[in-house]
Amino acid sequence: MTTTTTLCHSTADDIVVRGRSLPRELIGKLTFTEMIYFELTGREPTPAQRAVLDACLVTLMEHGLTPSAIATRLTYGSAPEAMQGAVAAGLLGVGSTFVGSTEGCVALLAQIAGGADPLAIARGSKRLPGFGHPVHKPVDPRTVALLALARAQGLFGAHCTALERLSQAVDQVAGRAIVVNATAAVAALIADAGLPIEILRGIALISRCAGLVGHIREEQQSPAMRALWEGAEAAVPYKEQP
Amino acid sequence: MTTTTTLCHSTADDIVVRGRSLPRELIGKLTFTEMIYFELTGREPTPAQRAVLDACLVTLMEHGLTPSAIATRLTYGSAPEAMQGAVAAGLLGVGSTFVGSTEGCVALLAQIAGGADPLAIARGSKRLPGFGHPVHKPVDPRTVALLALARAQGLFGAHCTALERLSQAVDQVAGRAIVVNATAAVAALIADAGLPIEILRGIALISRCAGLVGHIREEQQSPAMRALWEGAEAAVPYKEQP
Amino acid sequence: MTTTTTLCHSTADDIVVRGRSLPRELIGKLTFTEMIYFELTGREPTPAQRAVLDACLVTLMEHGLTPSAIATRLTYGSAPEAMQGAVAAGLLGVGSTFVGSTEGCVALLAQIAGGADPLAIARGSKRLPGFGHPVHKPVDPRTVALLALARAQGLFGAHCTALERLSQAVDQVAGRAIVVNATAAVAALIADAGLPIEILRGIALISRCAGLVGHIREEQQSPAMRALWEGAEAAVPYKEQP
Amino acid sequence: MTTTTTLCHSTADDIVVRGRSLPRELIGKLTFTEMIYFELTGREPTPAQRAVLDACLVTLMEHGLTPSAIATRLTYGSAPEAMQGAVAAGLLGVGSTFVGSTEGCVALLAQIAGGADPLAIARGSKRLPGFGHPVHKPVDPRTVALLALARAQGLFGAHCTALERLSQAVDQVAGRAIVVNATAAVAALIADAGLPIEILRGIALISRCAGLVGHIREEQQSPAMRALWEGAEAAVPYKEQP
């Protein structure tokens, strides 16, 4: 059996993406967000699904001088002729430490949506993915905004509901309010917007990519690379090995 | 003088991006495309600017099995636990061979917009960046769609006009119609939409990033990695060195 | 407590690496392989340890048109001005599918060296990491060379012995000879040469990096990028989605 | 005409690299450095060429907390499950700012070796690639060690001589001693060792790759990622945009 691709096909006078003419049916017709949804699923999103995906992409884009953004700026200053390398360096930090929790969280939500008991899950681990935040307490304001949007758009579905139930269980077990962080909310919204949860990290990558390009733009106008380098280097002094 | 950043700042109950509250003024208020424009310039786009940026991001996203997409799929098959590495590998191909022409073209358009003679430029080089295409002839249908959109949106400005004039000059020098390819049109539209041309490659990176995530999604559902590998390997047989 | 680094320190007239003067005690005194061992452990290798590390680095360097090498060549052809991007793209394929087995294998060897029963391990899984090979049967000639070298150098230690015992157990369970592949042998040798097994993948990365630079050199002299691209593309035809 | 590769070929019982049997003629026979030379040129190095390449690889490997090393450590801390991503992120900083000067320098040396006047070159630019160093003054001790080694090995050839003559011309034009930095010396030695100068950056990449793996090893034992992050972040405070 031949392996095939359904994504794209070019002829002299057309480019067809998932069955639609790019110049005639997509350019000027779909927003970038709608096109992302279409590329990933083969379906156009409903206006509500589009709004939810937009909100998630807006949420994850910019977090200031994260390890990712610092890596991008250091690399851009080292090889400004290769902007793609600077973006790639930053994206390589989108791994288990920071985004892994989104994926761990959505797995729990899927279990609860499928019938698992939130209390049992909350009791099973001291530190659940998607819960707790070093800065945003007692509430992550992005979570509030995202869940409100899902409700307003009529997309507060099985995963959002599971997140709400899990949050109550977590609070009950802890005996106090534990913050539901933004990555947990993004996970729930993406799943309830009909996107495949296996591609969750990919959505974070698209959003972060745009944020990293923003850091490169600032680096072009107001280079911070030397200051970042010197600040990092000074924080970890040399010590003779014993 | 201290180096500073104006991009983002977090407090316990807010995240401020370029002076605006992310949870209160951006999530659910701006589309992803509007947020990209805002991140890059500090200004919200007009509806016309937003439409033009959307069209450019839609145009560059998906081109089928390009070297970039193949690198992403081979890498994903080799390290499926690190999706970020697969996307990074693909983005690293966004260099001089394929996107460099966009940047070369916008430089010419800026010269013409600044008073340079299109005919002199057309006579100066046999192969101008942004002109010619191996598949799309005599017209690149994406170029037609993009320029029509710019006109409809009232954003057919100095760079689009320069492209039109350069195209006429190129045809005159060649004695026949030479195709204006999509990268040239994107360059002109981005510049006329008020975005800094120094970040042009970054816009291509954002768009391609989304396309590469699409390839990863297809790889998850219908893996083509082995077939791509074997096809490539078979195309370049071993030969004893002389 | 301050975090510190013991790796390197510069003054106006010296660079000190792990306590030794780079210009006076390392350049011209240590081979690259000895320097790698020294950088990773803080100790100079014995001649036998050096020979074993050399052999492992030689073994993993070049495997022809692997997915890694193809990704490097496609990327180099797309962005020849950024050789570092092409090497990075290839290294990103050094993940679980191809090198993961080395790490899985060394964990089993450590268990056996620590007293676990090889037969129980062999019975526990149908496909053990480090066993079997699609091309090299019934024997992987690199394994033979590596184990012979370890023996000749007096470094056939607990991990090599564990590999031998595991191999016998695997054959017994299968009822036929199962090939011990080169990654298993490399894992055993590296461990018995006194290198930390947590850095095994890093050693593969150093070796593969050199191999990928070799592919770039061939690409400079005899570009295969177009042929690789066309071969891969043709192997995965477009099919309209249902 | 078919595109071919001369690098590597596998059969059931052999792997042939550039015409030699990997298990029978290379593993245990060649050092890693000899194998690198062989992979890049198809020839085994003489002992002197091997010594010079070893010295260059040792020289470029470790420089402490450079932007490259910081990017690697930040990325490793963000995605420890994907060591290859951390190494790739660091290598992406091997670009024009830090290694570009090696390539610029070797081009000048080739001109002088070909008959160009060093004084004319020295007068032509205020800041020649390979000259000057922010820390190592008035002499870069690595340069001294490298040039002494080349002389001792009988490989002080046309490029080393050109470097000596260019250095005298630069001093004469400046009216004082200007330091010849290590990258200039590496460039001259590599060229006089018979390696293709087009692959100079590749040699830097192999060496740096080993150094970055050393930083990952230190990160495994004594994680500095948080300290590097906080040090960098604190050095570039947020400022409201005007």
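Should a chain be cited, it is by its letter among A, B, C and D, assigned in written order, with residues numbered from 1 in that chain.
Going forward, a contact is a pair of C-beta atoms (placed from the backbone, for glycine too) under 8 Å apart; a residue touches a chain by one contact, two chains touch by 3 or more.
Remember, it's a predicted structure, so these values are computed and weren't measured experimentally.
Engineer: Which chains does chain A share as contact partners with chain D?
Structural biologist: Chains in contact with chain A as well as chain D: B, C.
Engineer: Looking at B-C and C-D, which one has the bigger number of contacting C-beta pairs?
Structural biologist: C-D
Engineer: As a test of understanding: of all chains, whose mean C-alpha position lies farthest from that of chain C?
Structural biologist: Of all chains, B has its centre farthest from that of chain C.
Engineer: For chain A and chain C, let me know how many angstrom lie between their CA-based centres, rounded off.
Structural biologist: That gives a centre separation of 33 Å.
Engineer: Between chain B and chain C, tell me the centre distance in angstrom, where each centre is the average of that chain's C-alpha atoms.
Structural biologist: Averaging C-alpha atoms per chain gives centres 37 Å apart.
Engineer: Roughly how far is chain C from chain D, going centre to centre by Cα mean, in whole Å?
Structural biologist: The answer is 22 Å.
Engineer: Among the residues of chain C, which are close enough to touch at least two other chains?
Structural biologist: 2-9, 64-65, 79, 81-82, 84-85, 88-89, 92-95, 224, 227, 235-236, 238, in rising order.
Engineer: Under the stated contact criterion, what part of chain D meets chain C in this complex?
Structural biologist: Result: residues 2-15, 17, 21-24, 26-28, 30-33, 35-36, 39-40, 51, 53-55, 57-59, 61-65, 82-85, 87-89, 91-95, 135-137, 139, 141-142, 144-146, 148-149, 152, 196, 198-199, 201-203, 205-207, 209-211, 213-218, 220, 222-224, 226-227 of chain D touch chain C.
Engineer: Which stretch or stretches of chain A touch chain D in the complex?
Structural biologist: 64-68, 70-71, 74-75, 77-82, 85-86, 88-89, 92-98, 224-225, 227-236, 238
Engineer: Report the residues of chain C in contact with chain A in the complex, numbered from low to high.
Structural biologist: So the residues of chain C in touch with chain A come to 2-9, 18-19, 42, 79, 81-82, 84-85, 88, 235-241.
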